[in-house]
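I'd like to ask you about the structure that follows.
Per-chain residue numbering starts at 1, and chain names A, B, C and D are given in the order in which the chains are listed.
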Amino acid sequence: MNVPLEHALLLATAVFGIGLSCALIRRELLFVLLGVEIMLCAAGLALVAGSAAWRQPDGQVFWMLLLAIAAAEVAVGLSLLLHLHRRRRTGDVDELRSLRGE
Amino acid sequence: MTHADLLGALPTLALCAGALAVLVLGRLTRRRAVIEALAMLSIAAAALLAVLLPELPATAGGMFSPGGNGRLFVVFFSLLGAIAILASTRYGREHGFSTGEYDALILFACAGMCWLASAASAWGFVIGLSSFTLALYVLIAFARDGGAGSEAAAKYLSMGMIAGGMLAFGLALLYAAAGTLDLSRLASASSAGAAPPFSLLGMALVLAALAFKISLAPFHLWTPDVYQGAPAPVAGLLSGGSKAAVLAGLLVLLPAGAISGAVQKLLLALAALSLLWGTLAALRQTDLKRLLAYSSVVQMGTAAIGLLAGNRAGAQAVAFYLVFYGLAAAGSFAFLAALANTADEPERLEDLRGLGFRRPLVALGLAVCMLAFAGIPPTGGFFAKLQVFAAAVLAGQWEIAVAGVLAAFVSVAYYLRVIMLLYMSDEAAPERPRPHLAETLAVLLPALLLLLLGVAPGLLMDWIGAGM
Amino acid sequence: MEAALPLIPLLPLLGSALILLLGRRLPPAAPGLIATATVAASAAVCLALFPLSAGEGIRARLFVWIAAEGFAAPFGLLFDPLSAPMALMVTAVSALIHLYATGYMREDPSRVRFFVLFNLFVFAMLLIVLADNLAILFVGWEGVGFCSYALIGFWYREPKNAAAGQKAFLVTRVGDVFLLIAMLWLASDLGTLGIREINGAAPALPPDTATAIGVLLLLGAAGKSAQLPLMTWLPDAMAGPTPVSALIHAATMVTAGAYLLCRLNPLLLQSPAAAAAVAAIGALTALYAALSALFQREIKRVLAYSTMSQVGYMLLGAGLGAVGAALFHLIVHAFFKALLFMAAGCVIHLFGGENDITRMGGLKKTKRALFWLFVAGVLCLAGAPLTGGFFSKDAILLAALSRGGWFFALLFGLGIATALLTAVYSFRLLYLVFLGERRASPDAHPHSVPRAMTVPLWPLAALGLFGGLMNLPGGGLLDGWLLPLAAPPEPASHAAEWALAAAAALMVLAGWALAQRRYRGAAPAPETGAARAFRSGLFADELYQRALVRPFKAFSRFCRRVVDGRVIDGGLEGGARLLASSGGWLSRLSNGSVSRYRLALGLGLLGMLGWMMVSVLWP
Amino acid sequence: MNLVAFWIFGGTALLALVLCVTRRNAVHAVLYLLGAFLAIAAILFGLGAPLPAAWQVLVYAGAILVLFLFVLMTLHPPPAMKPRRARELVLPALVAAGNLAGALALVLAGSGGREGLPGYVLPPAALGRALFADAWIGVEAVSFLLLFAAVGAFWLGRREDPPKERP
């Protein structure tokens, strides 16, 4: 039988959950970025499933735009990672603690 | 692509084209004055086009709607961009922002805010949001000395990207449930009784992501750190512009009845928590930037009260509120930029002592912004708050309106403290640079507009009313 | 003619703007003169337009101000039988006080700032008086609060003054919150903020709503008018320059609350309970403040408490529905209280800045004219027969008496007791300051008193003494004038009127006698414990400090520490520890702030998902 | 798409993702993610989206992950992933697990008795038309977004200090 929409969404949600967990738990900026990529990938999965369920191209068009946005975000994120490594000698977001209240 | 599509996109295209031109010019000359002049020119062009273009129907695949409040917000965000550029004339030179990238990114951030404010569909919303967020990530870390800016950017980026992922996935779920990307249809379909439970998941994710963006408690924890670390002109854009853009993008949802049921309860809880948390935390701040951060939590909680009204009156009140809030935030941060030297900004409250006499004009501007934040007439802040509360009360949201009134009352204590310090005796206060014309303008312009909004709020209300 | 109405508030605003822009370039005397001239011109316009206010009065709609969905508020002014006499009083008294201030402030380096704020204050006050709807009234309401804050703290380099200014602003803003809530409520129930429309539609309100709104209005008025329980700011507000005390804290701003209750009297009377509460608060404040005034040692604080007490009478009148009597007392009080304050300013000058009445005395010998002026003020305040104060106070007491019932009899009793106390402390002031031996320390250098400071006292004295002619008992002028707005007082029997007049006269005499025995000549005795309690206003400040300020501070400290820092790695850590049940295992949740922020994000999302689950399972 | 095939690819993707997010070695993590993305590309293809499937391979797996690897290789010294004590992880892990469970529960709550997705395939040409004819303004906006992301990335990643302004 064909895949029901709920199954596709279930898979997407699981993927999203893993990505979110990675982004919430891991301390390295690199892994935060990886987690966000996984979350966006899950969003793509749900969009394509929705597109199939409603038999219309909108979801896939959104998927394409989201892909480009993900690429742009990752480029900026990685260059900030490089920047932090060069100037602050760290890639761990938890080591950045000079800005804080008293 | 039609002729009308192109016309509708012209104002934001002017901003983008200006950004490109500034980028190229930055390669040809190192004179910031020339670059800034070009940037201001494109901002003026965008604002003029937005005012002059004839009314247009919603177009462009339903992605953006060029008419109505979209055009008002083009003017508004152009103004905020202009204030940021004016405020960073000297600041930028002293911090090595000499090439065109800085001004180009500011222009592009403004374009992104305009897109978001006029978004009619989920993809327009995401594109607009990502555009200015991305520009802000870079702008916050723009001073490349590895100082506070890069830390602030790392914090904002790591949190902001998570929120971006949540927003994208949430919208995807809503799309899967409703089969449309049109924002108002999406909203009304999702709030209908028959919506599947996974669309509630989508709603929760979208709401959490947006609450993060506009710093509603408990998603606001990043705000003070990021404001503190960001360069003051950028922090003004971040505080005034990005929050206003997100809320402006939501206004289209209100007449569609999206704020109802479980979502309304959640938003109510967020607003109440923000009012309480922000107010109490702000009382104890000793750093003006952190104070402004917590104040933005309270202000956004108040704006959320208008959203809770969930009708056209609420949407109009929130639109007015955003304009006031954006102006006051931009003015306050422009003050910090105007008195910044290469080492620091006068952000500790103690640094403000006596500036009311030594730097009377900019200090007056800050004082007006503070009065506006506190909601004291005859500033626009009074009207903004009054309308938000009235809209909520008329919609039957009594309790939260009273909470907002109380928060506004307590807020007077911390805003007034800033004014008091400005006009206190000034023994042994460190010397601050003398702001020049552009910087003074960057502070006084929002202050004057706030006063104008207080004396003749009808000017703006008519415009907002015409757009809705 | 009607077109000139906006000029009344606009002239002082214009003056303020002129001084702000040009003040520093003009000769030193100019700011004061501009300020005085504009306010005097405004008074003249007011007088010229006065006949137009008869009957329905006139309304000027300037432009549409707020046009939100649901309610609208045009920027309009209302010049009717209630606002016209009030506006005339405000402008006339302000003009005189401005004149006085030109003398008082003549050597102050910050004259420009002073007169800008002073004129701005008059503008804001006129907005309150002439407002056509509550939104405008509220703008004026906040405006006077802000000007008052800036003027009390005018000599801000002294931290005490700045603190007093802030206190005044914050305490009166407590009242403003209630007023704002009442406004929102009215807007939501009646769909309008217009004062006339509200008064017209008031009978349609359900009784409970009317009571609640009435109580909210009372609290709003209590903040501005320094009534129980929001009265603590007024004595401290005396830190400002004397003209400020005279104008803001005697003649105009503090009476705004009473004026508001008169303005919305038809609404207030919809709820007998709320009206009774207003009357009770008024009577109790009158007594409390009179008791406190009796033991004050600073001349301006005596007057401050006496203001509080007299405004209490006005609230009593408003609560009884005796709008005519309340307005009558308001106007007469403005005359003689301004007179007393300005005379006190002269006295302080003459004693070289000395404020303490136990170190004054003997001024009658050198300054006869000032003495007689002060006597006129004291007689009015004490309500000596045939002065303005006598008639106006009697009108209120008569209204209380003629209502009947034990409750109003009790209020009447409080009022008459207050009248006795008032007489005592008024004459005490007179004796300690002007009579007896001079007790000032010999090294006090008297400042000279410029003519500008004494000239305005004469017309005020005349107005105070003969103000009674406005509204003589039995069909007074003012009552007749107010007929279109307020029901005339119930005709009392002549016997009652005469009995009351006799009783009041007796109180004055008794008070005089008491004060004479106690204070004539003799230096004041050392203070007893009870006296100290009354001097500190029955420890009201202390009470507030303990009951409100400290817990509030502690609470906010707690919230900053706990909510901001530890709920997440403290409270939740505790929860997690319970889960892990292996103590010390989770000594710290995370050692980095971004992790904390991410955790908060996750927790917030978790809460939302939980709520969504709940709404799915139990729709 | 056949339900069995869907869950075979889906299971593979989930397994690879779990391995990816738990690695200490960043290179290994990126390689596991590559595997997961390829499996998801197969699912996209099966759901009637051939062009996104191809792009998933080309851009996500081919470009973005390579960018990750490229940056990892540039870092000197390579980032050391410090081991974390288990107790630091408990609360965040609980919260994350709670979120995952809550999200899954919300999706599951409405399922049951649904039909399979209709056999819908959007050919690349149709997608192209939808993208460039209807959503052209979004494409333009995103192109600006990419450009300015590149500008920003260039600025942040540059090694030398900015040139001083000429007076």
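Convention: a contact is a pair of C-beta atoms (placed from the backbone, for glycine too) under 8 Å apart; a residue touches a chain by one contact, two chains touch by 3 or more.
This is a predicted model, so every value here is computed, not measured.
K.L.:
B-C versus C-D: which interface comes out with more C-beta contact pairs?
P.N.:
Result of the comparison of B-C and C-D: B-C.
K.L.:
How many angstrom lie between the CA centroids of chain B and chain C, rounded to a whole number?
P.N.:
Chain centres of chain B and chain C, defined by C-alpha means, are spaced 39 Å apart.
K.L.:
Based only on mean CA positions, could you tell me how far chain C sits from chain D in angstrom?
P.N.:
65
K.L.:
Just how far, in Å, is the C-alpha centre of chain B from the one of chain A?
P.N.:
Chain centroid spacing, chain A to chain B, equals 25 Å.
K.L.:
With chain centres taken as the means of their Cα atoms, state the distance from chain A to chain C in Å.
P.N.:
60
K.L.:
Touching at least two other chains at once: which residues of chain B meet that condition?
P.N.:
123, 127, 130, 134, 137-138, 141, 144, 154-155, 158, 162, 166, 197-198, 200-201, 225
K.L.:
Among the residues of chain C, pick out those that touch two or more other chains and give their numbers.
P.N.:
564, 590-591, 593-595, 598-599, 601-603, 605, 609, 612, 616
K.L.:
Which residues belonging to chain D are in contact with no fewer than two other chains?
P.N.:
Only 92, 95-96, 99, 103, 106-107, 109-110, 134-135, 138, 142, 145, 149, 152-153, 156 qualify.
K.L.:
So that we know how the chains sit together, what is the shape of their touch graph: line, ring, star, complete or other?
P.N.:
complete
K.L.:
For the complex, which residues does chain D have touching chain A?
P.N.:
Where chain D meets chain A, its residues are 1-3, 6-7, 10, 13-14, 17-18, 20-21, 26, 29-30, 33, 36-37, 40, 43-44, 46-49, 51-52, 55-56, 59-60, 63-64, 67-68, 71-72, 74-75, 79, 81-82, 84, 89, 92-93, 95-97, 99-100, 103-104, 107-108, 110-112, 114-120, 122, 126-127, 130-131, 134-135, 138-139, 142-143, 145-146, 149-150, 152-154, 156-157, 159.
K.L.:
Please give the residue numbers of chain B that touch chain A in the complex, ascending.
P.N.:
122-123, 126-127, 130, 134, 137-138, 141, 144-146, 148, 150-155, 157-158, 161-162, 164-166, 168-169, 171-173, 175-177, 179-181, 198, 201, 224-226, 228-229, 285-287, 290
K.L.:
Residue numbers of chain C touching chain A in their complex, please.
P.N.:
564, 590-595, 598-599, 601-602
K.L.:
Inside the complex, what are the residues of chain C that reach chain B?
P.N.:
On the chain C side, the touching residues are 63-71, 135, 138-139, 142-143, 146, 149, 153, 156-157, 162, 166, 169-170, 173-174, 176-177, 180-181, 184-185, 187-188, 555-557, 559-560, 563-564, 593-594, 596-598, 600-601, 603-605, 608-609, 611-612, 615-616, 619.
K.L.:
Under the stated contact criterion, what part of chain A meets chain C in this complex?
P.N.:
For this pair, the touching residues of chain A are 20, 23-24, 27, 92-97, 100-101.
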